[in-house]
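Sharing a structure, written as structure tokens. Questions coming.
Should a chain be cited, it is by its letter among A, B, C and D, assigned in written order, with residues numbered from 1 in that chain.
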Amino acid sequence: MIIVIQCKDQVGLVAAISGILAKEQLNIISMREHVDKVENRFYMRLEIEKHKDEATLEKKLKDVLPKDVTISINELPQKKVVILVTKEYHCLADILIRNYFETLGAKIQCVIGNHDTLQNICERFDVPFYLVSHEEISKETFEQMVAEKIDKYAPDYIVLAKFMRILSPQFVAKFPAKLINIHHSFLPAFAGANPYKQAFERGVKLIGATAHFVTDELDEGPIIAQQIIPVNHSLTASDMMKAGKEIETAVLAKALRFVFEDRVSVYKNKTVVFE
Amino acid sequence: MIIVIQCKDQVGLVAAISGILAKEQLNIISMREHVDKVENRFYMRLEIEKHKDEATLEKKLKDVLPKDVTISINELPQKKVVILVTKEYHCLADILIRNYFETLGAKIQCVIGNHDTLQNICERFDVPFYLVSHEEISKETFEQMVAEKIDKYAPDYIVLAKFMRILSPQFVAKFPAKLINIHHSFLPAFAGANPYKQAFERGVKLIGATAHFVTDELDEGPIIAQQIIPVNHSLTASDMMKAGKEIETAVLAKALRFVFEDRVSVYKNKTVVFE
Amino acid sequence: MIIVIQCKDQVGLVAAISGILAKEQLNIISMREHVDKVENRFYMRLEIEKHKDEATLEKKLKDVLPKDVTISINELPQKKVVILVTKEYHCLADILIRNYFETLGAKIQCVIGNHDTLQNICERFDVPFYLVSHEEISKETFEQMVAEKIDKYAPDYIVLAKFMRILSPQFVAKFPAKLINIHHSFLPAFAGANPYKQAFERGVKLIGATAHFVTDELDEGPIIAQQIIPVNHSLTASDMMKAGKEIETAVLAKALRFVFEDRVSVYKNKTVVFE
Amino acid sequence: MIIVIQCKDQVGLVAAISGILAKEQLNIISMREHVDKVENRFYMRLEIEKHKDEATLEKKLKDVLPKDVTISINELPQKKVVILVTKEYHCLADILIRNYFETLGAKIQCVIGNHDTLQNICERFDVPFYLVSHEEISKETFEQMVAEKIDKYAPDYIVLAKFMRILSPQFVAKFPAKLINIHHSFLPAFAGANPYKQAFERGVKLIGATAHFVTDELDEGPIIAQQIIPVNHSLTASDMMKAGKEIETAVLAKALRFVFEDRVSVYKNKTVVFE
């Protein structure tokens, strides 16, 4: 059982929490803790043996912790996920494979694409695919149609697996802390369009990818994971894009594992990730 | 103040420890904990605000913890270190620089070399250098002379910074958990002599270095840190050695930082490193 | 068009080769060259604009090069591949995805498994799967049945994508320089069985994977690619295995790309890889 | 002997160059070549056995190559270098050590600092240190004083080893393609002041460093080398700065090795680096 706690910091929090667990004779399998001195904020992730009565445990913890506390108690793995895609296959295929072999730590509910390019691969894995084209309709209508599809499945997270439409603040506001995006650069470098072309023209010696929660500001949300690979003069912009896809796939997979295993806490524009 | 605890695992250890800290109104700056399920062993590293009475605190902790517990309470940085060298400069020079600018987290007491090659660089930094040649004397006598020099300084750690003599079990037994070596391969690959030549002949695509505590078995002690760099067919054995020196220097520096900041616990032939 | 040349070294080889290309008005898109001074051996990989008459070009090159020369002239991508598997899906699934989206640089002819675990995933991608069980038959008979299946497809390469049977020298001899294996450790460390268990017990701080050509000696063939990831005390042997699968998948993908793009030359027990 | 060639691309360049080398019976130890298809530009680096008459060889090469060609023929190692510093020691100390042990591939002529913090370490290595304070004088006067010191030594390169003054275009123009800077971020992320503070506030999961040639545009010159290290929420801005220094030192050392071994060609705002 995973317990994730976030509240303002004060003396005695660890004693209070571990005291209750000890009284309940609950063995701590692993405990990770972080105090953000700048924000005066306390974070904890506990993995403990299963407790028969989660609600009572949560109440007991709340009684000894500051009023602003958020506590989540979860069994692994049971997250529900909706995937949004456009045309590129690499991230989606990796997620479909893990879903099929039950190593994703979540269950894909459906895939929504604004093109039908990836319909066939979804069908091969018996995952529902919905085409919602953005063409000939307003952005508002498009997003409303996508949101309706999503809402039907009430997912824990919505993964933008190379979804190439910029989402409006209205859409983002509907799914707070639920939208996870993979950006094809090591942010904040090369935010915006065509990062590989930008990287090629700047002559950088490494390219990367960033998985982050989506907020109102484009490419500005809390970063979950980042990774890079070395490149050199011999790569064209198109070679960089090809090489980048490998790293995009790897970073998104890593970020999703962190999120699905309840290792990520968000506060303001930053994450605490207990790897 | 750093508190490092190691004992057999049982329910309630975190509550017991954090309860005492809370009672003493000690704020936990950072806490890292690990339970080794295979060995049924509990490890903790705490960074807390300074306490006026360390002895009383240690006693209070001991009263609530299993009898086999080891507790160390330390201020940073105050380790005393003796360095053993032969002819290669790269690791020693890096340590001397950090020592000189007081970023080593320890204080070099002296350097002992079985050649005089590195005497001049030590003198430039006003660090005592002792030549103890291994020539024309027995290994026993040589080691006794080295041990006597070391004993004069009563160091916390002895760093073998490319010291190319194999130490006898008798010597090693004199300094348990105090001898730190840098081996020029990613152990257990290429243990023994000439690892770069071995690596070249095997045609590996990466070479590395390993910092480890020294035990009776050559190149077999608990590993503290390891790192690698990619290589390819264009490197000769001598190029590999040159490239390897960079990584040896980096890995030893990293391992020493971990050790000097009390981040490393040893049990049997393994380490727990709270990075 | 890719031209790969290997022969003993002598003065004037580059001039001889590039002289012919210039005479034929062939533009060199990229050229990589290596001289192994230890073995006195010359390697070259050329990417040039397509030539209408490959046979004549090869003859002209042979006329000016040492008698022991091997020259291969290839169009990309047209390699034929057979995959051997047991039960683990990660490497196979990655290859199937790339095959399906035509980014593998080769065409999978069929998959042969000694268990039927991975039959379903192959069928989902319309790739023929053959079950050849090793049970209740001799190793000789088993290998003969596998070899017959392979021979029907006359593949350029046979990829052991987590194929967990040790192949006899007789089998290996049938497919010289064609068998590519992924080993789940950074060889030569942890050769043989259960490398993750070995790594866990040794307490290493990094684990890796190695893609190599298969030769008579188990885990001893020419290495094509290697990669590692950092690990620490918090990982169990089973966590290491899980983490290792990611790196196995990545290393095998990288090695296959090198091989399928004619970037790998083999001589004795080593490779020259023009990345 | 190292020969570096750069010119516009055309068919037959390799044949022309290697033809001359063959005629002169010069053995090619290593040859690297790159064609930039976007800029239609040809780059080559040759390592050959020593030739008795460099001037004649250069003339012969020029006769067969395009008129815009630049050819440099160099013996290793003989570069002359001036170092500019402010207060931080890590990059300077690393360079001083390599200079002292003659593994830098260049000879430090002097160190110029706008503070006297690093005077003592230079004196310990018998390297001349000049204090040129920027206080109470105009930027123009300051730069003129620095330039005069530099000119006295006629260095091949000027290394800004954590020199914290922004140089004017006038100063930069005096030393075209000679000024090498280490910037404490993976450019183009976090250009300008306080990159570690920026990185901390953005919550990135990796920090890096960039070695580049200096041009008029601040932090915009051709990149020679870049590297990163992973970071996480547990690091303060000051921890990031500390960790960053290690990578700054390593990247600058790597970039200087490339430059001093004549592995770097510059064209417009990019480099070709034959590693």
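Note that contacts are C-beta pairs under 8 Å (C-beta built on N, C-alpha and C of every residue); 3 or more make two chains touch, one makes a residue touch a chain.
Nothing here was measured: the structure is a model prediction, and the numbers come from that model.
J.: Quick check on the interfaces: C-D is repeated by which of B-D, A-B or A-D, going by over half of contact pairs matching?
T.: A-B
J.: Write down the chain pair with more C-beta contact pairs when A-C is set against B-C.
T.: Output for the comparison: B-C.
J.: With chain centres taken as the means of their Cα atoms, state the distance from chain A to chain C in Å.
T.: Chain A and chain C have C-alpha centres separated by 35 Å.
J.: Distance between chain B and chain C based on Cα centroids, please, to the nearest Å.
T.: Centre-to-centre distance between chain B and chain C: 40 Å.
J.: What residues in chain B touch two or more of the other chains?
T.: Residue numbers touching two or more other chains: 30, 34, 37, 234.
J.: Where on chain C is chain B touching in the complex?
T.: For chain C paired with chain B, touching residues are 34, 36-38, 186-190, 202-206, 208, 222-228, 232-234, 236, 269-273, 275.
J.: So in the complex, which bits of chain A are touching chain C?
T.: Within the complex, chain A touches chain C at residues 30, 89, 93-94, 97, 100-101, 121, 124-125, 234, 246, 250, 253.
J.: Along chain C, where are the residues that touch chain D in the complex?
T.: The contact residues of chain C facing chain D are 11-12, 14-16, 18-19, 21-22, 25-35, 37.
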